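First the structure, then my questions, so here it is.
We just call them A, B, C and D in the order they show up, numbering each chain from 1.
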Amino acid sequence: MRKNLVWYILFFTIAVIYPHFVDPSWVDIGTTFALYSVVALSQDIVLGKAGMFDMGHATFFGIGAYTAAILNTVYNIPIIYTIPIAIALSALFGIIISWPIIHLRGDYLLVATIGFNIIFYQALQNNLFGLTGGPNGIFGIGAPVIFGINISSQRAIYYFAWFILLITMLIIYNIDKSKLGRAFHYLRESEIAAESFGVNKRFYKVLAFALGAGVASLAGVIFAVQYAAVSPETFNFTQSVLFFTIVIVGGPSSIPGILLGTFVMFVVPQFFREFATARYFVFGIAMILTMILRPQGIWPAKFGKLPKYLTKES
Amino acid sequence: MEIFLQQIVNGLAIGSIYALVAIGYTMVYGVMKLINFAHGDLVALAAYVGLTVLMQAFGMHLSNLWAVILMFTVTAMFISLFGIILERLAYRPLRKAPRLSAVVSALGASLAIENGIMLIWGPNIKVFPSNIFPSTRWHISGVVINSTQIAILLLSIILMIALYIFINRTKIGTAIRASAIDQDAAKLMGINVNGIIIAIFALGSFLGSIGGLFIGIYYRELYFQMGWIYGLNAFIAAIIGGIGNIPGAMLGGMLLGIFNVLIAGYVSNTWSEALTFALLIIILIIKPTGILGERVAEKV
Amino acid sequence: MLLQLNNVFKTFGGIVAINNLSFEVRNNQILGLIGPNGAGKTTVFNCITGIYKPEKGTIYFDGKNITGLKPHVISKLGIARTFQTIRLFPSMSVAENIMAGRHTKCRQTWFDSLIRTPKYFKDEKENWLKIKYYIDLLKLSEYTTSIVSSLPYGLQRKVEIARALASEPKLLILDEPAAGLNNKETQELVDLIYQIKAMGITILLIEHDMDMMMSLAEYIIVMNFGEKIAEGIPSEIQSNPQVIEAYLGSE
Amino acid sequence: MKLKNLLWVVVSLIFVLSFSSSYAAGVIKIGVQAPITGPFANEGQGIDNAVKMLVEQQNAKGGLLGKKLEVVTCDDEGTAVGGAICARKLVNDGVIAVIGTYSSTPAESAEPIYARAGVLQTSDATADSLTKHGYWTFFRNSCPNSAEATFTADFLVKKMHFKRIVVLSDYSTYSSDLADATVAALKKIGGNVIYKGKIQAGSQNFTPILTKIKAMNPDVIYFSGYYTDGGLIRAQQVALGIKAAFVGGDSNDNPEFFKLAGKSANGVYMINVPRPDILPYPLAKEFLRDYQAKYHMMPPSIWTLFNADGLRAIMYAIEKTKTTDTKKLAAFLHNLKNFPGITGPITFTKDGERAGSRFMAYEIYNNNQYKVVYKED
């Protein structure tokens, strides 16, 4: 417990001083790393914790980004107020989308979630209600103002994104160490046993989707701010595959695992932007090797970390 | 009416290609419970290998017919072997691992094959020569049918019937079905499950390679990411039919081909993908394991 | 009367699994359900716990009609069970597995969980201490943090029972609890079941070990081909010709 | 626990290593921001190849201002994220100008970063908004959609007198914007658009929409997308017995179109800037010959040539102004008039828009021969 805390403090300390030592492209990478980690952690609520095969999570990320973009550019609502709206809307979508398909078994659910992602993507491309801007997307999204500070410089956005990551990690930690997280895990491990002990399957599964959708949407808003623009291909099915892969490669239901997964799947390829053509060939093979060497993920989740008063010999 | 018939004819041609590719997904899934996301890229690889073989054959001044025969045999053999090697290297080490780890391994294989094609054949499109099949067109009361479509449809149907007989009438076929129902029990009955898995990968890759060559002959355009689109469609076809069920994959492929043309032709072209997926989701909501998939009651 | 089945009927794809079955379980009774393989015993359990919906007939528990209710609702009313094939949460620890039993007793809402309200802390502590009690009760304390899939079979059985007890049920359903246990473990199990009865819990039991069943059960229902063929106290059952035939005939 | 420690060490080490960035004196650095991998890999690699080739040629002639040119490439994968990261990286690497990128989204996310750093950016991306932000660093090297749209509308209505027009595009920003602009231009001069549809690029099976179009009995199908789809659309159109004429936007004009369409290519009309082999642009012929000799393939599309022109304009500016001060270069470029380019004369407006491009319509005959059928007055 203590040891973990030390690691996390070290991790965030590095994160805080990091932008002062690297060039600006790496600050951007750091920001996007934080946001992708948030999305991956939110995907993990559904995929890793509740064990539902969700391969359409970029939908919720996109709902957040587009909600903020539309509300800000069309209705001139300050970004900071779009955050709760985006979260609520995305969570609502999560509920509506998952409700009818929640009873589907593993791979069928996977296909249904892919389907929702593709429907969402086509809706963006077709300029739904004349709001999404079609293939061009939406440009000119403003910056949030918090306590009178304008979050528009590169570093300000970086710290804001990491603050969001910190909040998300706390929420995920809280989920893990509570009735809520245990219920998700029970459902993943054995649905029948979980139901037989009073876990309301439908409620918790839909709740997992709603929570996952809400958190992903939060990352989406900041993402829209970071690039001052949103466009459809950032939220397509390929992107969902990335988030899915992050969770599995890193270690389902493991916070450090998912951070490492994001690092491996998003940051590592950044080193090779200059030797471009072969990098995804090598990367594909690396993915296979990683799974073979670490089938449970790079840093698998550990269970059995219990409150002190339980494990201490009395 | 002729417009409708025209759409159906075209839908069946593309549907039969989906069906051939879908069988590869469904067979692997049936025995290993693995979504082999690399299967589509194998199909694309087949088309590229086929084109290379064909060009070599023309270079050796073979006649059209012999060149095509050579293309089919060499490609089918190469891709079947490739499928076997893929299983050995990327999936077998993960057989005891969590299911999704194998899925990620498949995604990695897909990425590697796709980018491997780009490295070998370049990022630009490649075009099949147009004169390899005699292309005759028939106008039957306003409906245009060409000889390539008929050849594809007939060959696909023959292959599927052959597969059906193989699966249902031969010893290996029975062993494959047994392994699909219960791998452990099959093992106890003395079935060499490793051998069966090699067989299904060879067979699925073989049919996929034929599908890839058909794509090359029919559409004539190859690009390195094509496998992803055909793979996804074929995977959906397998799901519609009930994944794991071989006749289901055939049915699903044909249905998807027809859905595609009817939605694009009669409902909305710009929303055709969204509507296809909406239809798929509705099918799943009503029939959670696809049309021919059986609802497996979990033993408690 | 704690549990009452009236003319329960259930088929699977046209095959009758339970045919017009009726029986009653009295408060704090140990009732045994026996019958040859495939007689439909586990199906009865699954109908009671809500995993299957009976097509006809009614099931009353504690005066309430529970026919066709969802498993999690039935669980909340006070029925807990173990499974014929062990169904633990394999990658979780012993304590976390047992905690599943407390799911309906934990009073924190999902929102309390998310932001850790004072209610959350109080609730967590209360329930974990209960878990400690059941772990000690079943002498599992040295395995508290062990991952259950790494435990031997006999201990896994114990964890399952502990999990069921942790839910403080009125009715405990045990589906072949002695299967796969050695003699010593079986004896421990018998002692444990008496202990559970002493806690005021009613027990419904399927068991193939006839010696154990005859010594343990106060009343026995015999099933064959989905129907009840006999019922009575152990000594009556032992001498019942129909029962003997059912067993011998099926061998 | 040891493994974990090791991992963290590796993580921090990599971060530390990434601090370093090289500065070499006596070199002018040119950046390439392009989608080297991903769905537009062919286009991105084309841009990269073209820039490297032209820079090599320039260096053989002694470079510029007595300094050698050096190319720094960054793969943006065609995404907004990649665009911004590449922009930061290239700025940090000390480039003075960036060629590319290919599509609008990454160009847009990179644009403000280049503007703030004072790095010139020349891209073929066609989204109207790119030149609307007022960034002095941005120069579009392709022709704006509106010019082509007006020309196309005139050709279809005034020259060919088509009465029943079908407009098709794909979902890319370029293609759908061009289709929208063309429909608007057609409406303005009273053209009758009976159907406007979209196809999914790369889906290869276009018969559903074509069969639907067949029933509408059009006399022309105009397609604003790429040759990779256009060639197939034309082939499938003829195979279905649809008699309508086919008019392709500039991205259809590619040798591969004829391979895909085969005999059906005959009678196709292409709208494009003047072709190298028709107008006396020795530059273009030379460029294509060199490219073919160096890379053993043709450039993937016209967009490669546009970006090559962007680079040539910048190199010309450096040569003329004898400076690498981007403010002065930009001022020079904003006043550039009729600089001979591979894709026709290059003129930039004050917004960095490329102006004064002249379009022509060609008819294809004998499988791949061109003849001019219509041009702007």
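As a convention for this text, a contact is a pair of C-beta atoms (placed from the backbone, for glycine too) under 8 Å apart; a residue touches a chain by one contact, two chains touch by 3 or more.
Please read these numbers as outputs of a predicted model, since none were measured by experiment.
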{"item": "From subunit B, the most remote chain by mean C-alpha position", "value": "C"}
{"item": "Chain occupying the middle, per Cα centroid", "value": "A"}
{"item": "For subunit C paired with subunit D, centre-to-centre distance based on mean C-alpha positions, whole Å", "value": "70"}
{"item": "Intercentroid distance (Cα basis), subunit D paired with subunit A, Å", "value": "34"}
{"item": "Whole-Å separation of chain centres (CA-atom averages), subunit B against subunit C", "value": "48"}
{"item": "Overlap residues in subunit D, where contacts from two or more other chains coincide", "value": "37, 41, 45, 198"}
{"item": "Contacts with two or more other chains, residues of subunit A listed in rising order", "value": "126, 192, 277, 280"}
{"item": "Set of subunit C residues in contact with two or more other chains", "value": "51, 83"}
{"item": "Complex interface listing, subunit A residues touching subunit B", "value": "47, 53, 100-101, 103-108, 110-112, 114-116, 118-119, 122-123, 126, 192, 241, 244-245, 248-249, 252, 277-278, 280-281, 283-288, 290-292, 295-297"}
{"item": "Interfacial residue positions of subunit B with respect to subunit D in the complex", "value": "3, 6-7, 10-11, 14, 115, 118, 122-125, 127, 130, 137, 139, 144, 146, 215, 219-221, 223-226, 229, 260-266, 269-270, 272-273"}
{"item": "Parts of subunit D lying in touch with subunit B, wherever the complex brings them together", "value": "37, 39, 41-42, 44-45, 197-200, 202-205, 207-209, 211-212, 214-215, 228, 231-232, 235, 239-241, 256, 259-260, 262-263, 297-298, 300"}
{"item": "Footprint of subunit C on subunit A - complex, ascending", "value": "171, 174-175, 177-183, 185-186, 189-190, 192-201, 207, 211, 301, 303-307, 309-311"}
{"item": "Sites on subunit C touched by subunit A in the complex", "value": "49-51, 70-72, 75-76, 80-81, 83, 87-96, 99-101, 103-104, 106, 108, 110, 112-116, 120, 123-125, 128-129, 131-132, 144-147, 163, 167"}
